[in-house]
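Two complexes follow with chain A in common, the first pairing it with chain B and the second with chain C.
Now for the complex of A and B:
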């Protein structure tokens, strides 16, 4: 009897064992390791000292540079979210309500860039924004400017544009999904009760699409916040982001404990943002 | 015996002076090659409870959507108090709709739902509060004002949807099968409430339903739609007692359809043969089950007697519905009050005057064989 229930339990556990194992090995264990490292330190010979110390966190708090970089990363991520929403929401709206028979084509057009390598797209912006790039050449040819515009490349501007380009689909898709879920009678009902189209949008469509907006914005924000390549390829010293700092600490600086501490701080920020947006989303969903 | 459809019934209280409240003029609607409505003309009077009755695909909902402004007519005009509204967007038309699915805004409380129409038109807060509370009171939902749609039952949603439309004092209220999602008992209760509310407010209601008993129960006038055309319109009693066509006779209530042929003023229909003062030719007659007589049958002229076997009996409480077999190819239904007859074969009868001569909707060249 007992053996058979044990067997039954084993049989139900067996198929889920590999994914659990995967998560334990490649997610949970590294995080634990990261957490441990963040309380260790390195000596002057770059040997890791395994005594528990808060020195890394104190160093982070007392060195303004780290705070500056974190704030800059948040600011860039926020700009990307705003830009992505400004571009993505109207596109999603059109896709959901007015695209008609071109819907599928347009939908594909939104998704296709996701298939193209991140690197290729980042380099494309380099080609566009460079001193002898597409944009500057055009501006010079039009005599709109005498000298190539230098702020285009190696600036937060370039990073924001590139990240927006890359993460717009992550905003469009959830917004389309939430717009398509709105019953069409609600729009008719709103119009029937005397609401002009813009009133229907502000009072019915926008509030009901907020869950999609929140999840899309969360995607774009977190992915941008932790981005490493765009600032590396297109950003100058003025647009170093927190992921670059982590990469340096683990690489050139060879200070794994400090790098781990920065990573833990990033993780805490991400978890905090996620918990807030999830709560928001749940509230809107039930309301 | 009457063959003509009744004249259009006037509105409930107001006289027929001046133009109709709502006038539908030769309205047609096509979706692509599919003609859904074909030159519909209809006047709706002030304070009238009008029902658009028809099966699915008859065009009744499309007609309602044309009046509301969700669809554009392919041809024709719609006038409200003499002014064209068919060229205006839905949000400018002083008509409001109660949707089959209620279409309450899920992110707004009952109060905010009801306040929506006033709020988008920029009415003041105090005015909105008074009016919304009054409207919610009318449908007995005032204690639910702070609830959300997901927290109330189907019947309550129905009431909120009603209040939400009525709070704007529409000239005409459109109701698109509003009761079809409710269970049977609640439905009858809501029919009474709707009717009472409509009388109290004096607002013209256009009610769409596929349920003929619902239509008969609550309407001042029924417009029966069939394949995008008006089959017949009239007061419930008239349309029931004097169906104009075979379709109308079958759709409204139960009806025995008897086809036959008239020669020299004598109708020969299946086993029956009786004098009928109409032109020679094929005929179709409707006989309601309740006009069938059994038991004591008066012996007077104009009564047709026949023998029939009772094949089946359905007990409905106050009355029973019998299936009679008069001949191998002729079955009729009879409604009998009280106790049903015990003998299997017995005598039934009907008055010739109770037969309703129907228009031949589809030509039937073949003769029924004579008895």
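Now for the complex of A and C:
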């Protein structure tokens, strides 16, 4: 009897094993290694020294450049979230309440760009924004400007527009989901009780859709914050983001321990933002 | 009186705003496609002399097709691995309660929300630490790790739509756990699993942030494009991007059909919510 219950228990634990081992080996161990590296250093011959030191973190704290870049990344991510919400919330509202017969197709039309190649979409904006790009030559052709507008490419502007384009679907989908959860009777009773449409929206719809807004905004914020490809492709020196610093330290600048320390800082910021939004969400739900 | 809430009437302002949002999502790609046919190259308005020359050039570009082959190898292996890990992970999350379940879920979904650069370099450190030389193998491991999160959530969505009574009936009729899994659960999940596999395949074909740090000598397709883009955009890049776009759209559309069966993509929203709120309870 006892042997068979043991076997039964073993059977139930069996499916946990492969994902658990995978996580341990390819997520947990690499993060631990990252953490270790951040306390090591390189000597003048660029050989890694495995003595524990706080030098990397001290360097990060005492060099204002890093703080500047982190703040810039947060600012860019924040702009992306604001633009994504301004564009995405009305779209989600439209999909949830007014899309009509073609609702399904219109919904799919938001999901597809969610998954479609990052590279293709970022490249499309390079084609549009370039000095010889479509937008500038269009403006010249229309005689709207005499000279190509240089600020379009290689600027934070280009990075923000591109990242907004890429992460809007991440905002739309959770907002649609939370809007659809709102019982229609609630909207009807609100208008029966004499509320104007905008009052219904502000007092009923908006508060009830906030969980979706929060999770979508968190996604867009964190993914934009850690992006390094859009700045490389479309940004100039004025739009270097913190993930670019990591990529450089692991590439041409070759200082892995310092790069690891920057990565740990990014990871801490990500975790901090996640836990704040989680708390916000939970409080909202219980309120 | 007339402006009381009616879900049936379409507000013009909102509809036109939605049209603009769709334009923002799709117009850049339309421009990209149009200029893949422009003889005078990337940019220049208006586009003149439409031609297929750039596609012809692309088809005789050996390095590019070699990269496509590498990407296909990586994607197939990444699909196999992420399904093998994602299925039991989704099964576990759906069926069992155990201490640390929330942490387990959080960890396995982490690559969805942690920037690719972190996943990339931490796996690079693991590869270097274990003496593994950078090659397509390390890329495969990176993709599998990053995409298991997607596979798990999509399969989990399939599980939560499953009609459990059939499995109970199977158990009542004397089938053991494996027989029920093999004869009832898997067939019921078939379309959802195929859809997930297609999605993971497409994402792997497109992956660039993690690959960036794990690539050896052999380039995958996105990395090949990336390294050429650094030298400057060419219409050939437009042509290959157009093909990638069309391929991805077709694959994703089919995959969402299979996964969602009419309510496509709800799971994607549920996924992000679950991740942010940690709500597996």
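Everything that follows uses one rule, which is that the second predicted complex is superposed on the first by the 280 of 287 C-alpha atoms of A that agree within 3 Å, B and C clash if a C-alpha of one lies under 4 Å from a C-alpha of the other, contacts with A are read in each partner's own complex, and residues count from 1 in each chain.
To be clear about the criterion, contacts are C-beta pairs under 8 Å (C-beta built on N, C-alpha and C of every residue); 3 or more make two chains touch, one makes a residue touch a chain.
Since the structure is predicted, the reported quantities are computational estimates derived from the model, not experimental observations.
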- Touching partner for A:90 - first (chain B), second (chain C), both, neither: second
- Between chain B and chain C, the one with more contact residues on chain A is chain C
- Please indicate which partner A:191 is in contact with in the superposed arrangement: first for chain B, second for chain C, both, or neither. both
- Query: Looking at the overlay, does A:272 come into contact with chain B only (first), chain C only (second), both, or neither?
  - Reply: neither
- Which superposed partner A:225 touches (first chain B, second chain C, both, neither): second
- chain B versus chain C as contact partner of A:207, first or second or both or neither: first
- Task: Return first, second, both or neither, reflecting whether A:58 touches chain B, chain C, both chains, or no partner chain.
- Result: neither
- Contact residues common to both interfaces of chain A (with chain B and with chain C): 188, 190-191, 196-197
- Message: Quick check: in the complex, which residue numbers of chain A touch chain B?
- Response: 183, 185-186, 188-197, 199, 203-204, 207-208, 284, 286-287
- Query: Which residues, counting only chain A, touch chain C once they are in their complex?
  - Reply: 11-12, 15-20, 22-23, 26-31, 33-34, 37, 87-88, 90-91, 93-95, 97-98, 100, 104, 106-121, 123-128, 130, 132-134, 136-138, 140-141, 165, 168-170, 173-174, 176-178, 184, 187-188, 190-191, 196-197, 200, 211-212, 214-216, 218-219, 222-223, 225-229, 233, 243, 246-247, 250, 256, 259-260, 263, 266-267, 270, 274, 277-278, 281-282
- Item | chain C residues touching chain A - in the complex, by the definition given at the top | 3-5, 7, 10-11, 14-15, 17-18, 21-22, 24-26, 28-29, 31-32, 35, 42-46, 84-86, 88-89, 91-92, 96, 98, 104, 107-108, 110-111, 113-118, 121-126, 129, 141, 144-145, 148, 152, 177, 199, 202-203, 206, 208-209, 212-213, 222, 225-226, 229, 233, 237-238, 241, 244-245, 248-249, 252-253, 256, 262, 264-266, 268-270, 272-273, 275-278
- Listed in rising order, chain B residues that touch chain A in their complex are 68-70, 89-92, 96-97, 99, 101, 103, 105-107, 116-117, 120-121, 148, 150, 164-165, 168
